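Next come two complexes built around chain A: one with chain B, the other with chain C.
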Partner chain A sequence: MLKYLFAKNEDIPSGSAAIFFGFSAIIWFVIGTGLGSFNAAKLAFPDFVTGNEYFAFGHMRQVHVMAVIFGWISMAFAMAMMYITPALGNNKLWSEKLGLWNCFLWNLGLTLGLTVLWAGITSGREYSDFPWPIDLYLATCVFIPLGINVWMTILNRRTQGIYTTNWFFAAATFMVIIVFLIGNLPEFFHLTGLTEAYLTWWFAHNVLGLWITPVAAAIAYYTIPKVTGNPLYSHRIGHLHFWSVVVFYSTPAAHHLMSAPLPEWLKSFASVEGVLILVPAIAFVSNIMLTMQGKWYMFVENIEVRFTVTGCLMAIPLNMQGGFQQTRAINWYIHGTGWIVAHAHLALLGFSTFLEVAAVYYGIQSIMKRKLYSITLANMHFWLLLIGFTTYWVSMTIAGLIQGAGKIYEVPYIDVVIAEHPYMIARWLGGSMVFSGNILWLYNMWMTARKGTVVPQGRLPHELAYER
Partner chain B sequence: MSWNFDKPLRTMCDSATNEADKVLWEKEDLGGITEDNNRLPVPIVLLVILTVITAFAVTFPLWGQRPTAEIYEGYIKAMSNPEVLAAKNDQEAMEKIIQLNKGKGHDGMLERHPVTMDDLRIMKPEMEALMAKGVHMDEYEVVGDHVVMANFEGNKRADGTVIRKQPWWDKGYLIDIFYLSYFFIGVTILIKRLPPSSWQPRHNH
Partner chain C sequence: MAGFREYKIGARLFGLALGGSMTITLFFPSINIASVSSTDIALTKQLEVGRESGFNLDDPWMQGKNKPLGVSLKVDPKTKQPIDGGMQVYVYEKGTSFPSGVMHPRILGEGIQELSVQQGHVNDANKNVGAVFTIAKGLYQGKEYSYIDNLTATKGWTPADVMSVAKDSDVSEAGKGKTMFIREGCWWCHTLLPEETQDWQVFGAPPMLGDFNGESPTAFGSDRKAPDLLHVGSRNSSKEWMMMHFFNPRLVQPHSIMPRFDYLWGKTDADGKKIDFAKWREEYNEYREGKRVSPPDVPSYASNSEIRGLIDWILSLK
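== the complex of A and B ==
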């Protein structure tokens, strides 16, 4: 990477930024899930690694969360943007050099941010845990350069129209900058009390709703038509999806604070919008499923399609949970329990991860023009991720319901802890399966880059998946 | 941008624009990806309608609202009732206060949010000051040791009175109806600016 950082833009091979982002994302995924597995072990076995404050759960939890969100998920998004945006505009990335600097500064900033978090220096605001200088760094050195590269590539496209995926990419890279700058105002200006609480959850909700959800969906809009060769079922449904994400996802911050002393009208408004999150979900799932018509055999045969369709199907339980768990009638029961942890993992480790994994698989093979090193390892990766995640999600959902009952019926805390113990072990096992799967994935992609069979000109890697 | 409102549910574009759009749609290659022009399937439309109805229906039972200071107004007044003052201890005093306030419209909320005499003593000075001012106590909530404005709505006049107070059932719902209406009208217009869904592109032509 270092030799390209100071090279002329035209001397940098196309796709370099995407490749560096792709491998960075996988490495952060291994680190993030490794930390998650370690943290889960501490919850399952309270005597595991004690006596050192740096390995205390309170120090490590947010390092895991931020590594996964801003390392794995966001870098996989950047990887997808670096190769999909120009592909859809029939042009090249506006600046490979900017992309590489972006990747370098991103890794540097994230490493710094996670180090200070690990050291215990934190804003104490969930999902925006980084201290404000790191927030400013991420906005200026990570998201603004990413946005500039995406917007300029779209503006310089050689097509007249803009495909659905690029609407989402352009909008999300703009919205995430706004979310970062406004959502962190409490830290920049030391706002406290309800203003801080409200903006904290406005940030947290919109990092999910205006960054992770739309970009993950945008990737599926590319992967499925590209790999299956089918036209996207409906441009119209794409419109409904895009605008409903922008309109309904941006407003429900207050539904995270249903018991707070906020105006009840604001909570109800947010709660209605919270249920209406189902509108983009319905549009998205139906459009992708209908695009699959006549190509369902690829769900079995093709690794990218399998990951994408699985992620897409996960949007159904994800949005059914998300839409209803925030209403007053349900929130009083599950608020502050493991149910929410399960839901967050369904969004990040289920829905969005499965869609991004497909983009990284496809991107690395098609940019490097190399066939996947081992389809067996890829299949193992899929099943370890799916079984591991499902084990995690189911166990944490049950644990959350137990906690909810304990909370409502005022069961002594230690009794709830004892009742949850088997589910905490299942959580650790599930998380460890995901971690193991990711180590295999890193090896497989590394070997694909080093030793994968070269794909002949005019062929696509997935067409050759089962050919020797 | 030319408009045609002859058949607004079919298309809102004139035929020349539609023809140009069709040519572009069929000709353009977006990185090897093409798109069809299928309408929203009827079950999907029904599902969206059902979602909107559900969104209002499931949030409307306002059970679970945070209690306002208004529900404790009667308790604070009852603290100076001779019967309560004559009580032997706090427990008896609280029982009498609860008895005196039965059937005054907040039974359910008071049952779900019980307080003790110590709580009432903490609340009393700030509650009485607000009651003396004649403010709407339903706009205030008890947060920790303080009674603070939290549930405000509408614009206020210089004297502190509210220009318009929403009916009890409207907790953000009218705003939501407007918001949703703008959204659906906007998206419908956007979609109806496309060539009619009876036309499908012949890809690679």
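== the complex of A and C ==
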């Protein structure tokens, strides 16, 4: 990578930026889930690694969250953008060199930011934990260059129209910059009190709603038609998805503070808008499922389709929870409990991760023109992720319901802690399965790059998956 | 270049949609929230905790620097006459940043703002000299309000005057403690938000709209894995219990999953002796294995230790 940073743009092979983003993303995924598993162990066994400030839960929890959001998920997005945007515009990436610098600065900034967080230096605001200099760095050296590369590639496309995936990519890169700059205003200008509290959750909500969810969905709009060979079922439904994300997902930020003192009109408005999240969700899931018509055998046979469809199927419970758990009728019971933790993992580790994993599998094979090194390892990766995640989700959902019951029936808190203990162990086991699956994945992709069978010109890697 | 020609309408609609959404979710709420008046709780929290408890350039390593001291005064620092019932003042030594309510009194709300400026002279507070504040009551347009009183301007009490009559036990380092609370990530498990539901039966009254003016970060917490702490000082005001609980939570609550915060004691104890953590853990393990009848004693903390601030802050949460 280093030798290309100072090379002429023309001399850099196409797809280099995507490859480096892809491997960075996998490595951050291993780190992020490793930290998650370590943290979970501490919740199950509080004296596991004790007496050291730097291995205290309060120092590590945010490092796990930020590593998976801005390391794994966002870098996998960048990887997808680096190869999917030009593929859909029938051209080359606007600047491979900018892409490589973007990747380099991203890894550098994230390493710095996580080190600072690990030391406890934080803004004290959930999801916008990074101190404001790091936030400014992420906006200017990470998201703005990424956006420029995507927008310029789309502007220089050689197709007449713009495909669904690219609308989402162009809009989401724009929106994430806006979200970063506005969501951190309390830190830039020392805004205090409820304004700070509300903007914290405005950022947290919109970074999920206007960055992670739409880009993950956009990836599925590419992967499924590309791998199955079926055209997208409906562009109109794609339009509905896009516009309803922009309108309905950008408005319910206040529902994260449903039982906090905020103006009541704001909470009621947010709650109604929050239910409308079902519009983009149903549009997206139905569009992808209908695109699968006649190709359902690939759900069994093909690793990318299996990951993508599983992720899309997880969008159903995700949005059913998301739409309704924020209404007053349900929120009073589950607010602040493990239920929400389970829901957050369903969104990030279930829905979105499964779609990105497919994009990284497909991208690395097609850019390097090498067949997957081991389909067995890929299958193990899939099942470890799915079973590990399910264990996590089920145990945390049950723990959350116990906690909710404890909350309304005035159970002494320590009894809730005791009742949750078995589920904390299950959570740790589930998280560790995900972590070990990712180590296998890193090995598999590394060996694919090194030793994978070369895919002949004009063939797609998945066509040869079962050929020797 | 194909450009966005055919997407003109779409791009404009996108701007309209996102702009509309920002208007409703940012502009309207910010006007509404800005009109909320400070409660007494908000005034107390601001003065007690100071300007900022998260990352800031005055305390980049988050060591609890640039923070005020809370002092419960028993005597008038000028005349040395006893004060009937005592008085709570907040000492901002030279160089300490003032909280938002002092720097920007408009965030305090109607009445409070005018009284703090006209009667409390908060605009005269000078960072290069330091200042002493308290919360006083006064009349504005016939109604009574609490306001911030800059005692350095109204009574001539300087930080040095106040500190000269204060014993260490009269001083609270709650401001430093809030920084520790943020740095150590206590708020990842302990919320500061009894919910507007059945929660009040166990954890006390939910906060009001005006309880947060001038506070940063608010650190409500979202993922409760431990008791809410907003009113913890009313439920348990024992310094000794807090000390044992922070050093090793399992000493007072065998089923607790809280991490040990023994490292906040620093290197030496209250008598200046080096704390032997390894020996303590060894003895504690022997106790757990049944080889000792009682656990080893928790070392008493030095008055400038980080744990002192944290305990002061926790106990201030009434």
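Here is the rule we go by: the second predicted complex is superposed on the first by the 468 of 468 C-alpha atoms of A that agree within 3 Å, B and C clash if a C-alpha of one lies under 4 Å from a C-alpha of the other, contacts with A are read in each partner's own complex, and residues count from 1 in each chain.
Here is the rule we go by: a contact is a pair of C-beta atoms (placed from the backbone, for glycine too) under 8 Å apart; a residue touches a chain by one contact, two chains touch by 3 or more.
None of these values were measured; they are calculated from a predicted model.
In the superposed pair of complexes, A:Trp332 makes contact with chain B and with chain C alike.
Using the contact criterion defined above for the overlaid structures, shared-chain residue A:Ala260 touches chain B and also reaches chain C. Contacts of A:Ile237 after superposition on the shared chain: chain B is touched, whereas chain C is not.
Ranked by how many residues of chain A each touches, chain B and chain C are led by C. When the two complexes are overlaid on their common chain A, residue A:Phe382 makes contact with neither chain B nor chain C. Legend: residue contacts after superposition of the two complexes on their common chain; A:Phe435 is shown touching neither chain B nor chain C.
By the touch criterion stated above, A:Leu155 is placed in contact with chain C alone, chain B being left untouched. Once the two complexes are overlaid on the shared chain, A:Val247 sits against chain B and chain C alike. In the superposed model, A:Val272 makes contact with chain B only, not with chain C. In the superposed pair of complexes, A:Val417 makes contact with chain C only, with no contact to chain B.
In the three-chain superposition model, chain A touches both chain B and chain C at residues 159-161, 194, 243, 247, 251, 259-263, 265-266, 269-270, 332. Taken in their complex, chain A has these residues touching chain C: 42-44, 46-47, 50-53, 56-59, 61-62, 119-126, 131-132, 155-162, 171, 175, 178, 182, 186-187, 190-198, 200, 202, 243, 246-247, 250-251, 253-254, 256-257, 259-263, 265-266, 269-270, 332, 335-338, 340-341, 403, 407-408, 410, 413-414, 417-418, 424.
On chain B, the positions that touch chain A within their shared complex are 24-25, 28-41, 44, 47-48, 51-52, 54-56, 58-59, 61-66, 141, 143, 148, 150-153, 166, 170-173, 175-176, 179-180, 183, 186-187, 190-191, 194, 197, 201, 203. Per the touch definition, chain A reaches chain B in the complex via residues 84, 87-90, 159-161, 163-164, 194, 222, 225-226, 231-240, 243-244, 247-248, 251, 258-273, 275-276, 278-279, 282-283, 286, 290, 324, 327-329, 331-332. Residues of chain C that touch chain A in their complex: 1-4, 6-7, 13-14, 17-18, 20-22, 24-26, 28-30, 32-34, 36, 42, 51-55, 60-62, 100, 107, 182-189, 191, 193, 195-199, 201-202, 206-209, 211-227, 249-250, 253, 255-263, 277, 281.
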